[in-house]
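Consider the two complexes below, in which chain A is the common component and chain B and chain C are the respective partners.
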Partner chain A sequence: MDKKLNLIKSIALCVIAFCMAVAGYLFWEHRNYKEPVVVSEYITEVKKLSDYSDVVKGTVNDSNVYIFDSGVEGGTFLIWGSTHPEEPAGVMAASLMVENLKVTQGKVIIIDRENNSASTNTRVGEAYPRFFTYETEWGTKIWRFGDRHANQLDSWPDPEVYIHYPSGQTLANVDIRNTNRNWPGKANGLLTERTNYAVMELIRQEGVDMTLDFHEAELEYTVENTIVVHEKGQAVAAMVSMDLTANTFDVPVGMEFSPTALHGLSHREVGDYSDAASYLVEVAEPMLDRIRGITDEELLMSGKDRFVMMAGDRGLLYAPIDENGWPIEKRVARHIAVATKIIEVNNTVNPDQVITIEGIPTYEEIMANGLAPYYHNPATAPAERVYYD
Partner chain B sequence: MDILVLINTIITVCTYAVALFFLIAIVRSFLRTKKIQDALVYCIIMVPFILRLLRLK
Partner chain C sequence: MTMLQHSLAVIVVIALVFAIAKKCKACTELTLLLAAVGAIIAHLILPMGEDPRSALPFTEIIRHVVEGTFNYFDVCLTFLTATFFMTLYKEAGGVNYMVRQIVGRFYKKRILLLLLLTVVMMVPGAVTGSGATTVLTVGGLVGAVLAAMGVNEDRRVALIFLLAAMSAACPPINLWAMMAAAGANMPFVGFTWPLLILSGVGALVSTFYLTRGVRNTKPVEEVLGNLPEAPAGWNALRAFVPFVVMIVLIMGARIFPAWWPVFGLPMIFMISAGAVLICSPKKVKVMEIAVTTVQNLKELVGIMVVVGILNQTLTLTGARGLISLAVVILPIWLLFAALWLILPVAEGVLQYAVAPLFGVPLIMLFNMLGYNPVVALSCWSVMWPVGDCLPPTAVVGRAAVMEMNYKGNYYKGLVKNALVPMLVILALCTITMIFNKPVGDLLGV
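Presenting the complex of A and B:
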């Protein structure tokens, strides 16, 4: 009997060890995959966030900071993606700009992965894919797909109630790991608070005039296809909204005031705690909707879902959707168009902050060509132009 | 150091110690049990403790 028992135990251990090794490798791969970025030939410098504040030094959130300085006096624009890594248009738009941008006046600074830790996480019980991909002529470009909260392996446990610093406003406990709930950050706080503190230091030290935070939102959510803006940027945002809605987009982009009493969000706190005008842009992402069907990369990239469409037919959504869905090309193109239009309008509203750029495709060009022509092959690019996020 | 960060650090260290303690207890029970069903259950419930200790999940 003992011999038989020991045999069964040994077999069970082997089976479990095999399953654990497979699962462990998948977790490890997701946490350690590095995304190559072939920076534009016109980039002037690549720094780390810890160059502005050492509170993130040695952490997963010591992100790359891509700097395009024309050397000609003008404005300074900071753009970041991946505050919420489950909103892929953000990191894809930021990467596209890093790979193609040329600045001829003023300075543009880009962070692809604002909350790197969150891109190594997933949402429990939601069956999120680990990665998302885009096919190009040279091969497949791969990004990590994450969650809106930093990885518990990097910041844990969460407090029973998250008390925002410095306002004292109480928020959901998990939002301590959400970088869009703890601006302007805290030098001696938890990981996400320190991350935002370091970005605020970047804003102050570089003399940033405008910031833009790329997001996506479910169609069931009211803040959708819109620019949320601090008081300092309202004139520019209003013009951007009207211009793009009238001349470029098939679905309007709105403009909303940043609520003064809702704390922790970039559009409120960055404007309040720095000289910069803070903007945040949202675009529709059907995969975030609770009523979606199968949750996979296909839905993520195509933005097509028959259940979300059915909700739309019944007037339950805050954005239109049809059989064409919300493809990733359209979502990225809208982000890029908003960024470039903010620069264009700000140049007229604030002539002391002029920025001129080249190399970034228009909305129409992205819709016609897709995204593939704008991402470059890291295998054939000069080594000094390849960085990893 | 912020008090919340200090508390988090202490709790995190304690959690890993607790995970190790329970893993040892489970392995001990696995080795001692004479019941096949219990042995299989112990095998399965080891997994999250090991993944946590290896900082994989």
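Presenting the complex of A and C:
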């Protein structure tokens, strides 16, 4: 009996060791995969976030800061993606801009991976894929898929309850690792608080006039397909919303005021703690809905889900969905269109902050061509134009 | 086959494998693991519906299984370290000292003693959000006092479970409410009063119902004579210092959040355990206690690990979404009528994972219907821990059984005795949920 039990235990141990080895390698691969970005030939400088504040120096969140400075006086626009790496349209839109942008007046600054740490692990219990991919003519472009919270290997343990600095508002403990819950950051805080502190320093040192934070949201969520804006940007956001809804998008983009009582979010705190007008844009991502069906990369990229559709049929959603889903091309195109339209409208509302750009495809062009033509082959690009996020 | 049929079939397979494994007398942990494996196999074999799907390589299946085991990693660490702390305290004689002090001072003041015991039970769960931590830290101590008062074994273990469940629901930290609020992008604000009232009433009802008929008529000296002696050298300072250390470390982060370092509960319990070693007048065998702690908790930790795997599997296969969808598309009257049953039962299966699974879609639904989501979520967050004595996991119930060294029948003893207070708590939460708007107006949330 003892022999039999020992044999069973030995076999179980071998199976566990095998599983740990396989999973361990896959976790390691996910954490260490570098995303190549072929920067536009018109880029002027690539800095690190630690160039603005050394509180993130040597950390995984010392992200690349891509700067497009025309040298002509005008406004400064900071755009970032991947606050929540489980919302891939953000990083894809930011990357697309970095690879194609030309600024002829003013300055545009882009951070592809604002909370880079959160892209190095997935969300436990959500059965997420580790990577997502997009097919191009030159091959497959790969990004890390992630969580909305920083990797616990970089920031652990969490407090029993997260008390936001400086407002004192209480939030769920895991939200201390969510960079869209701890703006304006804290120099001596945990990793995500330090990250936001460094971005705030960037905003101050570069004299940023406007910021835009790319997001995606579940269709069950009220803040959906909308621009959330600080008081400073309301006029611009209202016109962007009306123009894109009337002339460009099939599904309207709304405009909402940033709540004054809800702290830690970029649209509230960036506006409150800097001179910049802060915008945040949301687009529908069915993968984020808890009522979603089979969880895989296909759902992430196509945005097709029959369970979410059933909820829609019963009027339980804040965004429409049919068998065509919410494909990634449409989600990225909407982000790009909002970013370019904010620039366009702001040029008329604030003539001292003029920014003119070229090279960025329109909503219609992306919907017609897909995203493939706008991502470039890192293998054939000049080495000095290839950076890794 | 549609995706709906696919996910439904996966759920059927889980139920079948579970039933067969149980029939073969496999332990609960193994049963749930086999059910998860069965779900994955069914997912791979069955057609996945109308839309194209991504390939699921073998290595990724392994990754999902291993990733699932980390679902409750922090919770397991808290269980282990909290138990280690209290076992050290117990072995050092601290529990005996405390029990004798409490009985000696309060035995004749029955109501005051019961209120004191209720507060003692509520504090650990209120500051950690974990009912099992309550049981594993103060459950043994309170159980010993209840025994000294003459509360019978069945009622005692039921009461320890119920107070632990209510302590987990009690503010300031209610993990279910926090997780659901975070998922729905709500700040964790306005929950204090609804949670405090519901969990407080639940705890008091449980305490006085389960100690009904107990009269403290024996002379105190006789009761003390039946209690084990504490080792020489214990005094109030030595007895309280480890708890003061624990409370200071936890509350410091609340009072001085701007500069207080983040220790995390496991480290706090280990530091408190260190304080026990310093304060104890008696030498204790630390390694032996550490090994015993792990051995005693292996079933509890094992079930949390396996439930994590099952949760990941349910999500992967669409079964979790189907369950969640089935709840939110219920007619609202049926939802109000059924949540008191659905939520505790789901907690028994999935533990904390129920908060994002049901809590987030329900908050969004209630928001859409114009209800008060703070009051409603508070009600659900008190109903969920009531299910912590239900199979297959029964985590807090098992912890109570283990800590109290209970030898009676789990269902006929613990569950049966806890049933009336459980129903009262669930009824109270249901009524509050139905009248969420006036309650919200009354409480100003």
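Brief remarks on what is shown
In this section, the second predicted complex is superposed on the first by the 372 of 389 C-alpha atoms of A that agree within 3 Å, B and C clash if a C-alpha of one lies under 4 Å from a C-alpha of the other, contacts with A are read in each partner's own complex, and residues count from 1 in each chain.
The rule we apply is simple: a contact is a pair of C-beta atoms (placed from the backbone, for glycine too) under 8 Å apart; a residue touches a chain by one contact, two chains touch by 3 or more.
The structure displayed is predicted, hence computed values, not measured ones.
In the superposition on chain A, A:13 makes contact with chain B only, not with chain C.
Applying the stated contact rule after C-alpha superposition, one finds that A:190 touches each of chain B and chain C.
When the two complexes are overlaid on their common chain A, residue A:302 makes contact with chain C while staying clear of chain B.
Once chain A of one complex is fitted onto chain A of the other, the partner contacts of A:314 are limited to chain C, with no touch recorded for chain B. By the touch criterion stated above, A:153 is placed in contact with chain B alone, chain C being left untouched. Once the two complexes are laid over each other on the shared chain, residue contacts for A:28 go to chain B alone; chain C is not touched. Shared-chain residue A:379: touches no atom of chain B or chain C. With both structures placed on the common chain, the touch criterion links A:5 to chain B but leaves chain C unconnected.
A simple residue count on chain A separates chain B from chain C, and the partner touching more is C.
Overlaid on A, the two complexes show chain B and chain C touching the same residues of chain A, namely 19-20, 23-24, 27, 156-157, 159, 186, 188, 190.
Contacts from chain B toward chain A in the complex involve residues 1-2, 4-5, 8, 11-12, 15, 30, 34, 36, 39-40, 43-44, 46-47, 50-51, 54-57. Of all the residues in chain A, the ones that touch chain C in their complex are 18-20, 22-24, 26-27, 122, 124-127, 129-130, 156-161, 163, 165-166, 168-176, 178, 186, 188, 190, 218, 220-223, 262-263, 289-298, 302, 304, 306-307, 310-311, 314, 316, 318, 323.
Every residue of chain A that touches chain B in the complex is listed here, in rising order: 5, 8-9, 12-13, 15-16, 19-20, 23-24, 27-28, 31, 153, 155-157, 159, 186, 188-190. Within the complex formed with chain A, the residues of chain C that make contact are 2-4, 6-7, 43, 48-54, 56, 59-60, 62-68, 70-71, 74, 127-129, 172-173, 178-179, 181-185, 187-189, 250, 253-254, 257-259, 262-267, 308, 311-313, 315-318, 320-322, 324-325, 328-329, 353, 356-357, 360-361, 364-365, 367-368.
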